[in-house]
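Common to both upcoming complexes is subunit A, partnered first by subunit B, then by subunit C.
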Partner chain A sequence: MGVTILTPYPLQNKSGAEAIEELSKRLLALGATQAGQFLVDGDIFEHSFKKIKIHVMHNSEYPASVFSILDNGQKQIPLITDLIFDLLMLKVNPIYSSKKMIKIESKGPRFELGDFLVKLGSVTMSQNQNFKGILIEVDYRPCLVPAFCWDLIKEFLQGLLGQQAPTAIPGYFTNTLPSNNPNQHYHRFNDTYQPIDTVQQYLEHFNNYRKQSQAPTI
Partner chain B sequence: MDQPAAAMDSLLQALQVNIIPNQEYLLQGSVLDTAVQRVLHRLKGLCDNVESAPEQFSDYEACFSLGSPVTDQMQAQQQPPLFLRVIRKTSEPVDAGTPFQLRYIGNPELGDAKRPTLVRASFDIACSPTICDFLTEMGCQLKFEYTIRGYLFRKGRMKISVSKIFKINQEPISQSYLVELSVLAPSGHDSVAEDMRIFAEKLKPLVLLEKIDYKRLAQMGN
Partner chain C sequence: MAQSVSVSVEAPIENQILSIDYDGTEVYQTPLTQSEYLTRNAARINFTKAAETTEGDKKADEEVSTVPQSSLAPFENILIKLRDAYTEVSVLHDVLAISKEKHYLVLDPVPQEPAETKQMALVYARKKALGTAASVLIAGAERLKRCDNGPDFQIELLRLRQNWRLKKVSDSIIGDLSFRTAGSKFFVPGNFEVVKNDDTTPSKSSGTPSPLQVIIPAELQGIAYIKVVTQKDQEDLCSASVNLLNENAEYPKAKETYWQKKLEFAQNVLFCKELFNQLAREAVQLQAAIPHVVIGNQIRATLLPGIQLIISLCHTTSYQVSENEVKKKHDGHDHVLEHSLHQLLREVHHKNIHHPLPHSGHAYGIAKKRLLAGPMAFDRHELWEMTKSQTLLEQIIAQAQHIFMRKRTQYVLDTLARDVKDPQIVSHWNALNSPTMSWVKIKINTQGYDTICRTSLVIHVKERSLKAICRDGRVMHLSYEPQELRDLILTQICHHQIAGLQSLAKCMAWQLLSNSTHLGIGAVEPLGNAHSCVIASPNADRTIAVQVRCDPQIVVKVYISHSPKDFYPSGLVQGKFWENLGGNFREVRFDKMEGKNFLNKMEFLMAACTKKNH
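Now for the complex of A and B:
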């Protein structure tokens, strides 16, 4: 585990499959080796009459865990549990029900390149597998604090994606968080990175895709 | 290369082939404080961990209920609330990273007289310390909380606990110890119930382990 940055990749008139193939070729040319596939999925359970959503997410990198994020409109509470938590969510069924139409997942090839781990994910939504876009995950494994390795990851992404690479720090790391001391601003950027941070970044992007009304064609 | 299976699919598959231990076979009894040493001695002789002293435990337990959103009284009675317990050890060493456990316990099934033990759905889920906030925001209500301290014995796959329940202010709730004999097994493993009946026989007359009918107990309380 290290620090992971998740970034969407603009398609620019290419189909999803073409873009993944082109990026895969680029990575292999850089000397990366393909190391299996990955899958991150997200499901939403909604309260039958209150405005409470529970996002239940899985990441194949942590196959024994379930990451849940409760969102009541004002704050988010993360919870990490064993896989059996999924069974419990079936038990709360009349009160919280799953919205199958907005189940979303990102899956694709996983590459290793030195200290970096790169995952190229095609995002699909609902049971019809509507294609939504491409999310690239770059994990720099030797480091645990985003502030220490952001520049390195940025440079790596520029080498891989050229002009489409992000130049600014993702908002997830720079948002001010509530802190005990009101004079001191607290950001995730200087904090120790945890697996839930990867899942929360996915959640942000998944929610953006859910909001998009029209999907590009594959 | 193989696509990783969706987590939910692999879990449902595991459930289908009965490898998830989600059924608890249970017998309960109680013994007065003055007689507990005799039961402990007897258990030391009967159980697996003979040479070492019995394992001690001290847990905090909170019970939350998640009510049905149905407002109609009749329907609400048909759909009993869901009870979830949050458990955390309180014996040292404890730090901020000590995991919490979330336990779901279903309705107990007594079965007929032939069935030697009570059976109820039960599963334990290890979870991060945010669980209490998570449950509260989810709409769960804290029903009661207590600490439980005692001894743990093992005999094969059976678990025997002799424990005392305290209020949060450390005041004991009664003058007796709770004795529980339980096995957590996947569904369909009814043969363990017979082993439990035989073991319970060996503890007589020091402690009587029985199927407790909670409904009858509640009526007696009223």
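Now for the complex of A and C:
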């Protein structure tokens, strides 16, 4: 558990593999150790006649869970379940059908550096592995509240990415959430971080990649 | 009595004797009634003869009309006889027809004439028959009487059912001894059979036996216990034996004992077997640095170098031997270890049976934590932690190691406290501890000076290591070797002595010149270094140097130097301060000095040196 910040890494006339290689070298130079691979994938199930989507996502960091987010256009309802949820989705196939073409995944090496966990994911879409971009996930494990460690993560990202590092808090955290008290603004930024937050960040970025009409230059 | 019809004989006035009682009284037959008499007499009449001789009155009315009076044909006689026969047959037919109607004629059975019997034989036969019947009745009455006194089979069965699980299988009653309802998964069935004890003759030794008998399978008979011994080169260090019963339970000698005891013993055998089976399985599966050995009924595991844990299953059916062993095993018995062993198996059973609700079909037998892992989104690290679980044997080994470590630590501290008299070593053991962790607080102080200086440290005794926390916050990890702890305590004593001396010097206005906890000079110590301290008197004319060595024993050496007594300023050396020039150090014969202990002696010494100065 910790706070995870996901940020896209702009490719500057480099191929994805080259960028990953370069970042890995940088991390290793900082003293990180590679600790296996990771994989985050997202699938969309669409209702056959209503405008309802179910995003079913898996994260190798949480190997016993399936994350699903029900999206009916206005509201997103997250649900965390056991692995057998996948089988359940197969059962309801006539109503909710999967779109293989927009299945998207991010995978790559996973590095450990002190309290930080860094994952360099190259995003590919559909079955023919269309390369879409690079997503860097930084997890600061000792902390639970994003507000407390955002500065630390920002600094770490600046050290790692230099100019390309994000300067603003990711939009996901600053969006105002519905609250019981209308006078009080409620942000995820000051709330305890949940594993579903990581998945929702991924979903946001995946959706952005899906919207892009064409793949960036490879 | 058979007589021809024509002779009529009077019936005797005396009645017939029916039977004779044992006392000789005769029982008479009641006289016949009129109707009975008539029937008997009628039975004696031969109607055929009567018909032949005298034309029967009744038949005559029917015959007269049909018979021709005279005929002289040659076959006349034959014709008549045939006609007579025909007539008789038809009459008989008619009589049968009439009697069938039951309106006019009733047929009564003709009582047969009783056969001629010998009276005495009859009497004897009856006597014998009655005697047999009486004996049967008496035996039955006896049994009923006994049942009223002793326990009834049904009541016993009811009592048995209150404590044990029974079920009826066809004609027999089968009971279950196993721990299956408590979550056991052991394969040995553990069934016993309940039968009624027919042989209820009271035996000499133990009153009336129970009418209920239990039959226990051969593999569960006898007495069993699990013996756990920690051994160091053939020498037993501590032992525990585990069974379900209390130690003083004596095995029932013969079959007449009460079923309750018998069942308890059988269940104990089952318990021991299951426990051992589980342990042996784990011993084979575990991959220890020094592999565990399972031979027959014995498991050997190495706790610490040279120290072995031996778990053996003792199961015997010969009672004499077992009694001896029971006596033997009481030496050095560790109740705490025994309790822990019990606790461990119960925990396994508990885990087998207690699953969180709801029980979904496929998730049965999965820990609650694992069930929650998916919906709670446990990460890799948490899931990995979850897979780690200690097996029973591992826990037993850990506990045995801890017990051994604790004993060793106790021994080291006690011997040190005994050997080192000067600073007193007091160890406070925590009374409440876990099976694998305990701690001891050690206080070192000098008698009479405990307000000046106290040294305390805490030692955590773990499974294979010790953790010492000093008062200044230093944490030291020690291995299982007792020498390390000994060295640590000795060093602490040296520290204590020097620190005490410093405080004392301050109180007496002496100056501390130097202090070293690791004196690099002098004879090389095999372990650690000597501590030293140099103090000077208030006007600096005397210097005392103290060296405390801790190897192998606490040795204190005190040296003293003083300035030359007579200082005469000369032309070359004029200043008065040259008087304070130190002279040679000479050793003080410290053991000869007055004083109870080191600090006391030092106080005297300092006082003496200060005094002289004035």
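Rule of thumb we're sticking to: the second predicted complex is superposed on the first by the 216 of 218 C-alpha atoms of A that agree within 3 Å, B and C clash if a C-alpha of one lies under 4 Å from a C-alpha of the other, contacts with A are read in each partner's own complex, and residues count from 1 in each chain.
Here, a residue touches a chain if its C-beta (ideal position, glycine included) is under 8 Å from a C-beta of that chain, and two chains touch if they have at least 3 such contacts.
Please read all numbers here as calculations on a predicted model, not as lab measurements.
Of the two partner chains placed around the shared chain by superposition, subunit C is the only one that A:M1 touches, whereas subunit B remains out of contact. When the shared chain is aligned, subunit B and subunit C each come close enough to touch A:P63.
Of the two partner chains placed by superposition, only subunit C is touched by A:P195; subunit B is not.
In the superposition on chain A, A:P166 contacts neither subunit B nor subunit C. In the superposition on chain A, A:Q34 makes contact with subunit B only, not with subunit C. Judged by the touch definition given at the top, the superposed model places A:P78 against subunit B, while subunit C stays out of reach. Between subunit B and subunit C, more residues of subunit A are touched by B.
Of the two partner chains placed by superposition, only subunit B is touched by A:F49; subunit C is not.
Overlap of the subunit B and subunit C interfaces on subunit A comprises residues 60, 63, 66, 80-84. Contacts from subunit A toward subunit B in the complex involve residues 34, 36-39, 41, 43, 47-50, 52, 54, 58, 60, 63, 66, 68, 70, 72, 75, 77-88, 91-92, 94-96, 105, 107. Across the complex, subunit B meets subunit A through its residues 1-4, 6-8, 11, 15, 20, 22, 66, 68-70, 79, 82, 84, 102, 104, 123-128, 130-131, 133-134, 137-139.
Here subunit A touches subunit C in the complex through residues 1, 60-67, 80-84, 194-196, going by the rule given at the top. By the touch criterion given at the top, residues 362, 370, 373-380, 383 of subunit C touch subunit A in their complex.
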